[in-house]
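There are structures below to look over.
Two complexes follow with chain A in common, the first pairing it with chain B and the second with chain C.
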Partner chain A sequence: MKYWLTCQNALMATLAYRGNLVLHLLMTAVNVMVTIFMWLAVYSFSGRSDIAGIQPNQMVIYLIVVNVLALIFSTEPIFKFSGLVRSGNLSVVLMRPINYFIQSFWDYLGRALPFLVIYGLATGFISPVLRRGLLYGLSSLVLMGLTYGMFFLMITAISLCSFWLVQVWPLRPVLNALFLLLGGQAFPLQVLPPAFAWLIYNPFSLAGNQLTLLLLGKLSLNQILLAGGWALGWAVVALGILKVVWPRGIRSYEGVGS
Partner chain B sequence: MLKIYRVLVTQSLAETMTYRVTTVLTALFGVLFYAIELITGGVYFSFTPTIYGWNFLDYLNLITTANLISYAYQFLFVAGHENLVDQILDGNLDYSLLRPVNSYWFHACYRVDFPSLVTLLLTGVIEGVILSKLHPTPLNLCLYLVAVVIGIGFVFALNQIMVTLAFWVDGLSALNGLPEDLMDASARPAKIYPRVIQQLFLWVIPSLAITNVPAQFGHNRPTWLLLWTALVTGVLLILSYIEWQRGLLKYVSAN
Partner chain C sequence: MPSPIITVDHANFSYVTFTKQAGFSGAWHDLFHRQKSTVAAVQDISLHVNRGEVLGLLGANGAGKTTLIKLMTGILPVNAGDVRLFTDQVPFRKRPAFLQRIGVMLSQKSQLAWDLPPLDTLVLLREIYHIPHAAFTTWLAFLTKELAVTPQLHVPVRKLSLGQRIKFELICALIHKPEILFLDEPTIGIDVSSQANIYRFLKQLNHDTQMTIILTSHNTKDIEALAQRVAVINYGHKIFDGTTTGLISRYATVPLLEIVTDVPLEPLPEHVRQVDATHYEIDATALTTLPIDPRHILSVNRHNGSLDAILTQLFSEEAPTQ
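Moving on to the complex of A and B:
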């Protein structure tokens, strides 16, 4: 229950600054439209009705969904944690009868809730995922859950560098760039030459590219299992990093702020 | 005025030297996002040699010119604009209003962002190489440069108008990012958009014209739209000046 309150608060924080949220969504929509018009022009002038197995109308949905996913998979926990370490307020959080990581997860979930609802509705109404039988539907839901958990753990593991770095803001543009390129936000990774096929199982691609293709019904059951296996693998790596680095970080943490 | 500007530039340089790592990182990120645009452009043109008559080199010319305008604005004005919002909201304008200088230009030119100079120079060199391959006539090259200067004026005026809104609106920080997003969306050939959007952003808020017009001069396709962009930029600059003066009447020196 105490964590559910955190989730509610995070949702309220997202919805509190409605003007900023609306403008942010508006500009995201404009950027998506730019990419959509560019791709439609590419389809039109190349004379192809299919690029890397994706038809023009599917490309439109791909670009919208991958941008919604970019909003869901935010990197905000890194900067929040950095703020706690730099101000010394992490001490207060550690004294509370809560697990910081679980609280952080519910906060992460609460902030992304409006976008998760959009993704959920798209899965329910547009996507063929839930109409392909129980096994396929369940596997898809497991992949979504695994990927969400994996990405949160990855971001949390990265946030631990705040124990040693005074400023972590440079990570923001780097991670945005990684999601753009490796996550398939700028273009589906499938349009790249076959030599780059291995890129689709990086954590950013699993979160952006693969979950979008899943929604489009472009992943076979085998591909879902493979993506799920990779997500689990990355989650284990992130957990391992957390287990090793957290105690060292806490030892180096002075708790007085900087 | 020039003497004051020299002092402000010197102060900016001193600050840049103090935060050397920040300077290097900011320059690197500018290059990183430009590289992503190049890769994305390369992906588009790997499927078709031309889009609405633009080949890859024309497209490179367009996005590099758009970046050139953005980085030139950032180098000259962005630090001043970022500072200005805080100054207005914190009620710290009194000190500059007491000085015997034009407060509009003093705040607009308050700081120069040296990290952007690195990316500006790099983009300038790349654009030079692209233009040397496109062979614009001397007249078109001159008009290209004029169009870029008008573009910088346009982006400055848009940002100045948004920043000055802080006299009336508090807390809507996303407003300040609007001009940047608008210019990012405009760094594409105008013809990819439906006709209504084209007309809107070529004539009413001519952000598409600001990026497309110099690119067209670059590959020897002169256009009269240059005159329209000059006129609109002039009007926006005047509007921003009037807005500043009205804002000062609204200003109270308390945060």
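Moving on to the complex of A and C:
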């Protein structure tokens, strides 16, 4: 219940600033439009009706979905945690009889809830995912959950560098670029030469490219299982980092300020 | 004799800081050769606090009193020595059963969700501390009534005044009825009547529930109003541990009386020194009675006998060589 309340509070905090939410969505929409027009120009000037087997209308849908996913897979917890360490407000969190990571996950979930609802509705009503049999549907849902958990663990592990770095804001453009390039936000990774095919199993691609292909019904059951395996593997790596780094970080934490 | 609820035994804590050189050449030099220095924030401090005691920690800025609170609450680990609460709990381990029994209010750190009303944070705390709903409702109603913030329960925190926020921070620290309450600067930014309200409330709480209170403040009124015992920390060392009256009698060396009158004294009595037109000083050791007509006296203060004056003198002393 305490974690559900954390999720509820995070959602309410997100909705408290309606103007910010609308502006955020507006900016995302503009970015998506720019990317779509760029790709349509590429199709038009190349004179080809498909690129790497992807037709223009499929590309448009892909770009819309992958950008909604970028809203769900936010890297904000890194900067939030950095703020807690820098201001010393982490002390308040440490004084509560709770698991910080579990609470942080529910907070993360609460903030992404409006976008998760959009993705969920698209999965339920537009995507063929739930119409391909029970096993396929269940596997897809497990992959979504697993990828979401993996991504959260991964960015939480990255956030622990805040214990030693006073400012982590330089990471923001780096992470945006990683999601844009490695996550397939600017283009589907399938357009890359075969030598780079392994890139589709990096954490950003699993969260962006692979979940978009899943929603569009482009992943076979075997591909879902393979992506799930990779997501699990990355989650274990992130958990390992958290287990090792957190105790060291908490010893170096000085609770600055008063 | 019951064992102390808090035992600090020869605790030490130091941290590493960096010094930066001025100018561009200094910045360039620091880029490759950063100068580190170790600051001993707490040095060999021992302290015992019994259940139900109210202990005031006094010290200048950077003296180490907040660091000592952080060691006692488990925010920081001791480098050497030992800190135990409830006989066997090591604070830094932060066991949930231990955290359930302490309440912490750090005045410059907020528990409250900035964009939401305080009630939302308090309901979250109810779940975190597993407080039964009925008990929560009754206790919260009592706390908000005592601190006069009931109407603000549903107002977003960002819209509250500083004083109202501080009161809600105090409520957050008390909502689970902790056995030990740590208060760091509890009345910062609070008006005089609200301060008096908080003092009265905390005193009553301590009396009724035997809650142990550890308090740091720069405001000596806080300490005089609440603390049964004070520990003075200076440059990381404990230099005094006893009652406030004990502190005053130990350090008040020159009993000098400051007198303000409504009219100038003509002629000036013997042993009376004029500071300005109606302001005089008298060495109290030189006289047995005041040589001034009581009808003209507006106020009499014993200079250097107040806690403020003693602390000013103590804190201005040089740091001990290490």
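Basically, the second predicted complex is superposed on the first by the 253 of 258 C-alpha atoms of A that agree within 3 Å, B and C clash if a C-alpha of one lies under 4 Å from a C-alpha of the other, contacts with A are read in each partner's own complex, and residues count from 1 in each chain.
In this text, a residue touches a chain if its C-beta (ideal position, glycine included) is under 8 Å from a C-beta of that chain, and two chains touch if they have at least 3 such contacts.
If you're wondering where the values come from, they're calculated on a predicted model, not measured in any experiment.
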item	value
First (chain B), second (chain C), both or neither touched by A:6	second
Which superposed partner A:96 touches (first chain B, second chain C, both, neither)	second
Touching partner for A:180 - first (chain B), second (chain C), both, neither	first
Touching partner for A:42 - first (chain B), second (chain C), both, neither	first
Which superposed partner A:17 touches (first chain B, second chain C, both, neither)	both
First (chain B), second (chain C), both or neither touched by A:194	neither
Contacts of A:247 with chain B and chain C, given as first, second, both or neither	neither
More chain A residues in contact [chain B versus chain C]	B
First (chain B), second (chain C), both or neither touched by A:30	first
Shared contact residues on chain A - chain B and chain C	17
Sites on chain A touched by chain C in the complex	1-2, 5-6, 9, 12-13, 16-17, 87-89, 91-92, 94-98, 251, 253-255, 257-258
Chain B to chain A touching residues, read off their complex	22, 25, 29, 32-33, 36, 39-40, 43-44, 46-48, 50-52, 171-175, 177-178, 181-182, 184-185, 188-189, 191-194
Partner chain A, residues of chain C touching it in the complex	15, 66, 70, 73-77, 94, 96-97, 99-100, 102, 104, 106-111, 113, 115-116, 120-121, 123-125, 127-129, 156, 184-185
Residues of chain A defined as touching chain B within the complex	17, 19-20, 23-24, 27, 30-31, 33-34, 37-42, 45-48, 51, 167, 170, 173-174, 177, 180-181, 186-187, 191-192
